[in-house]
Amino acid sequence: MLPAHYYLMLSAVLFTTGTLGVLIRRNPIIMFMSIELMLNAANLAFITFSRYQRSLDGHIFVFIIMTVAAAEVAVGLGIIISIFRTRTDINIDDLNIMKG
Amino acid sequence: MFTYAWLVPGLPLLGTIINGIFGRFLPRKVVGTLASALVGGSFLVSVAVFIQLLGLPEEERHVTSALYTWISAGNFFAEAGILIDPLSVFMMLVVSGVGFFIHVYSTGYMGHDEGYSRYFTYLNLFAASMLILVMANNFLLLFVGWELVGICSYLLISFWYSRPSAVAAGKKAFITTRVGDLGFTLGVVLIFVAFGTLAYDQVFAAAGEVATGVITAITVLLFIGAIGKSAQIPLYVWLPDAMEGPTPVSALIHAATMVTAGVYLVARASPLYVHAPGVLLIVAFVGAVTALFAATIALVNNDIKRVLAYSTISQIGLMFLGVGVGAFAAGLFHLLTHAFFKALLFLGAGSVMHALAGETDIRNMGGLRGKMQVTYWTFLVAGLAIAGIAPLSGFFSKDEILAAALTAPGGHWLLYALGLAASLLTAFYIFRLFFKAFHGEPRMSAERLERAHESPPSMTVPLVVLAIGAAVAGFVGVPGFLAPEAGWTHAVAHFLEPGLAREPLVEAELPPAIGVMLMLIALAVGIAGIAAAWHFYVRRPGTAARLAQRAPAVYNTLLNKYWVDEAYNALFVRPGKALAAFFWRGIDAAVVDGFVNGVARAVAGLSLLVRRTETGYLRNYALAIFAGAVVLVGYLISTR
Amino acid sequence: MRIPVDPSDWLILIPEFILLGTAIAILMIDAFAKAASDRSSPWISLAGTAGAIVAAVFLWGNPLSGFGGMIVNDDFGVLVSTAILTGTALAVLISVDYVRREELPAGEYYALILLSTIGMLLMVSSANLIMIFLSLEVLSIALYVLTGFARMRPRSQEAGMKYFLLGSFSAAILVYGVALIYGATGTVDLQSIADELISPGVLGNPVLLAGAGLVLVGLGFKVAAVPFQMWTPDVYEGAPSTVAAFMSIGSKAAAFAALVRVLIFAMGGLRPEWLAAVWVIAALTMTVGNLVAIAQDNIKRMLAYSSIAHAGYILVAVAAANRLGLQSIPFYLIAYAFMNLGAWAVVTAVTRKGEEAVGLSDYSGLFWSHPVLAGSMGLFMFALAGIPPTAGFTAKIYVFMAAVAADMIGLLIIAIVTTIISAYFYLRVTVIMFMERPAEPPVVTVPTPLAVAIAVAAAGTIWLFLFPGVTQSFTDTVARLL
Amino acid sequence: MIAELVIFIILGTVAVATGVAVILSKNPVHAVLFLVINFFSVAMFYLVLSAQFVAFLQILVYAGAIMVLFLFVVMLLNLTGAIESVQDKLPAQKWVGLALGIALLLEAGVVTAAGVFRQVPAAPPPSPNFGTSAPVGVKLFFDYLLPFEVTSVLLLIAIVGSIVLARRRTY
């Protein structure tokens, strides 16, 4: 069996990719997908730890995180729709009325 | 009676609540009477406490009564408790007594003001706060009173909100004194750090066991607080502006509350100060220099209230001189006499202004003597008292301070000289004021002169009562060498000393020869000042103007208050303004000027700079979060 | 057959169940009797919240833990829950007319407020990282919706979007931290983590430290600590005022409870490692919050920065991590609930053309038209500035003394200096209220429920100054956590 | 061991490549599809790591339901051809973000290299049914009953919330 480090490093790479997506992209839907990528990386870490500790707790956490992600998606996409339904261009930088 | 001592701040507080909530619906008479009666009640309770305290043997005159445990958490403990000892009872009597007369006077003075009930709400709260301040048995409760006094002064100074200058002055007072409060807060915290408690008894009992450096730091920090509240150099700038408030408020601030808080603080903490002789020397010098400095400004100012304001700064400086050389009782004695004659001066000035429809410029007065007899004579009493003419009250207290400045172990001839010079100038400027206002040709319009009249009894009665006080209050502190056999010499000092630090600074009784000589010098100086004023303003009214022509530089320097405001402007305000203007969209018109202004602008500029980090871009915010995460994790894994 | 959990475990959740039942009842009424719902929802919510407070107080004094240690009911938790429920009750009161005026859908509004409160209460009593994460999401998702509730207002939309994306982002960071802690210790149970830390190998484990750091980021976001605070002003400004008021107490209090449980209860052994980090965060939070508040001319943004600054002061108590610090946190939160909600209540009263009048200039002359309202506002401002005679003063004294007891003099000095600076902008509001009335004054309406809320908040603000001991007897037992 | 390494390298490459593709795709539809592939490959890892139940959840719930929702929204907003506006208002963001990302990866490297993971020594698959629905279900309904119940509150909020947000009526 491979050392846990392999999976963890992979998970870290996926997590970093996700964060970069949030920082770099201007399309809120893609930013949101990047957050899903981050959650996914966390899930991979949980499953890895679970496997190497021979404990099922991590599986439950993944189950819970997936549920949370589903709820977030439902509400998040609702917010995105309610804002961008009326706009032609979907750019997060346009949301800049409030500052300072 | 001691168990009812809480009524002393409690009664005015009750007045605040009643007038604050129902005042608008009550008739004016009820509001004013209620407010005055409650403060009068607290004066009566103070007297009763005083009498009971006198009945106790000297060493038992130290009673604490805890109302309830206020804060108790872990090793941090504070009571809502009252300390009754000579010092606090002394202050209670001064505050509630003088406060009572000012309340009564206000019922007349403010009679036509639309904010009548609001005024008395604040005034009662002011008295209550000051009473809390002086009656607290620990530094935390003292701090509460300290802050409340600051708020009340702010509310009252900016009472006439419709004048922008009043609003600015209130803000200036609040913010300047908060600079001092910073020192005070740090001092209180340091006390807790060093002693593990904030209760006076425990702190003072352990004062000798704490390292000198710590005591020095604590006393310096407390003194910074005192400087702010008591308007000493360099934080005095707010007090002259505070004249924007109603005149009785000025009287209250100057005579009984607020500015005396700093003197009280140093006296209260005297067991700490005696362990820091170097700091006491600083206190003395700050006091002496302020006394002289403010007196010189008062020489040439033409606004009756401002002259009195600088006079207060100067007199408080003398008190600090007294406590600074270790003569705590002498400083407090002067506080007492000053309360009488300064309240009297202010109320007299208010009476004059009342007669002249609010005129404050002494160049537009004159010849009022015949118009207002009561005001004239009472003002004269006050003037003689502050000038130090025997046997009025100021003579004894001032003499005691000056004598201590020269002869006490902590004294210095330079301090004495400064104090003496200040006395000379004091006598001069107060009689300049007096002569210009009441003597000579009337310089106001004929119509005004026609209308000028004596004030109503609610104003003149307090004047008379205070005049009697200003005249005779000095006899509670007659020095021992004048009447060696009598048991009543140094009454104030003997009463107060159990509450103050005794060793090692209490001066021995002076040899009569030296004592009398010092007295005569002080008296001569006072008479010289009055004579000079008489010469300049009554005998040859043009002299001062000629002098101004001959030495314009000196005269203008004084007239412009040494250009302190201007120097502050150049040093702090301009750079601050430049910075602020660089970012700021519109400049806030109501911001205070001077030193405070500079600091405020600098902070505001910094604020605008930091504000720019809030770009409004969501992605920037995410970047900040992420950067924070990277730095945080990086730091944490590096601690391994 | 093995019974999943001891039935008595459910007792701990009585407050949550009361709220849940109330929320469902409101939704049902809303679905079947729309007209009745608009009128009755606030009162039903208020009754439910009151019931929850009663239930929470009943749980007082007998520490329980349930569901295999997943949640605990200790005195600390009950106190923070009281702060939250107080905040909810006051927020409901100030919503009564606000929701009607803004024509928000009442049923969903109150139901979401209550559901979010459930998340807050659960977060307070969570003794397990997964429960903390889950309850954080429960409260947050409801708040995302509430923030964007005024859908037709661009500011509300923008606030909802910002809060949602940044909130999810930081929650994802938090959950990664949980994963790392799980990897290092093999558990997410706070008690077990604390036990694990005794073994020397775990203490310096970078996996654990990195995990702790990421969890700190997620919770720091919720409490609005610098540099995770940037969403706060925008969200508070854009969200309906009542929602901003509600979340400024609830989500902050809940996140602080979780922070205390994670940092002090579970990872107290790592204090030498995290102390410097929390120290710096607290210092930055106090400084930035108070400093930028000075430049604000929008009262909602000013209150947002004020809320950031107050998070900084509470963080000082967290950093102190001593008995006094632990006692001061619930006290500070309860005091803050009163004074801050009071201030927000006043904000909702001042309107212009049906919109909230949020400019500071809109408050000029308020004293002359509405002396009692302005007086209360002045009181709340003084309280937020930490000036006596208000609860804000006592709360700050507590925190300062905790810092003294922990020998954090540097942080203490920063706290005192920033407090002094903060007086400036709080005072500015009171100054403005005394100025001349503008030519076109805003409309000020104080309906009865709002007046009650303001009165309660004012009374609480003064009461906690005079008798902080009332909560002291409670907070003393909090020290059991240590 | 070798076989596992090979699988790891192949699946890992796919996962990383699709992950990067998600954040680089111009077209949101492509991004969604890449994310689906990414979820699939991660699900494969779950299988390798003896987490069958979670692996199928991942495919059914995540890659299936949730991503379809994403796709639906992309279509609804008619973003299929939408390209991010040419001008980036925050040009520095990209590079600072990238630098921070690299820093995070370095930290991750330090952590994984120096870190101690709690693991049972020489771990063979514990039992054949580790990670299947039966033991996971038991765990869920016994030890983790409370979180499971709380998720129901969460879903209630999501339902109410999305109804409020999506309702046509203006208010």
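A, B, C and D label the chains in the order they appear, each numbered from 1.
Going forward, a residue touches a chain if its C-beta (ideal position, glycine included) is under 8 Å from a C-beta of that chain, and two chains touch if they have at least 3 such contacts.
Worth saying up front: this structure is predicted, and the values here are computed from it rather than measured.
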{"item": "Chain at the geometric heart of the assembly (C-alpha centres)", "value": "C"}
{"item": "Geometric centre distance via CA averages, chain D-chain C, whole Å", "value": "31"}
{"item": "Centroid spacing, where centroids are CA-atom means, of chain B and chain C in whole angstrom", "value": "42"}
{"item": "Length of the line joining the C-alpha centres of chain A and chain D, rounded to whole Å", "value": "6"}
{"item": "Inter-centroid spacing, chain C versus chain A (mean Cα positions, whole Å)", "value": "26"}
{"item": "Interface hub residues of chain A, defined as touching at least two other chains", "value": "4, 8, 15, 18-19, 22-24, 26, 32, 48-49, 53, 57, 60, 64, 68, 71-72, 75, 78-80, 82, 92-93, 95-100"}
{"item": "Of all residues in chain C, the ones touching two or more other chains", "value": "130, 134, 137, 141, 144-145, 148, 151, 161-162, 165, 169, 173, 180, 183, 186, 205-206, 210, 233-234, 295"}
{"item": "Overlap residues in chain B, where contacts from two or more other chains coincide", "value": "611, 614, 616-620, 622-623, 626-627, 629, 633, 637, 640"}
{"item": "Chain-level touch network, classified as line, ring, star, complete or other", "value": "complete"}
{"item": "Touching residues (chain side chain A, partner chain D) in the complex", "value": "1-2, 4-10, 12-21, 23-27, 29-30, 32-34, 36-37, 40, 43-44, 47-54, 56-57, 59-60, 62-64, 66-75, 77-82, 84-85, 89-91, 93"}
{"item": "Chain A partner contacts - residues on chain C that touch it in the complex", "value": "130, 133-134, 137, 141, 144-145, 148, 151, 154-155, 157-162, 164-165, 168-169, 172-173, 175-176, 178-180, 182-183, 186-188, 233-234, 237-238, 295-296, 301"}
{"item": "Residues of chain C touching chain B in the complex", "value": "161-162, 165-166, 169-170, 173, 204-206, 209-210, 212-214, 216-217, 220-221, 227-228, 230-231, 233-234, 272-274, 276-277, 288, 291-295, 322-324, 327-328, 367, 371, 375, 382, 387-389, 393-394, 397-398, 400-401, 404-405, 409, 412-413, 416-417, 420-421, 423-424, 427, 431, 434-436, 466-469, 472, 475-476, 479"}
{"item": "Partner chain C, residues of chain D touching it in the complex", "value": "107, 110-112, 114-118, 141-147, 150-151, 153-154, 156-158, 160-161, 163-165, 170-171"}
{"item": "Contact set on chain B toward chain A in their complex", "value": "611-612, 614-619, 622-623, 626"}
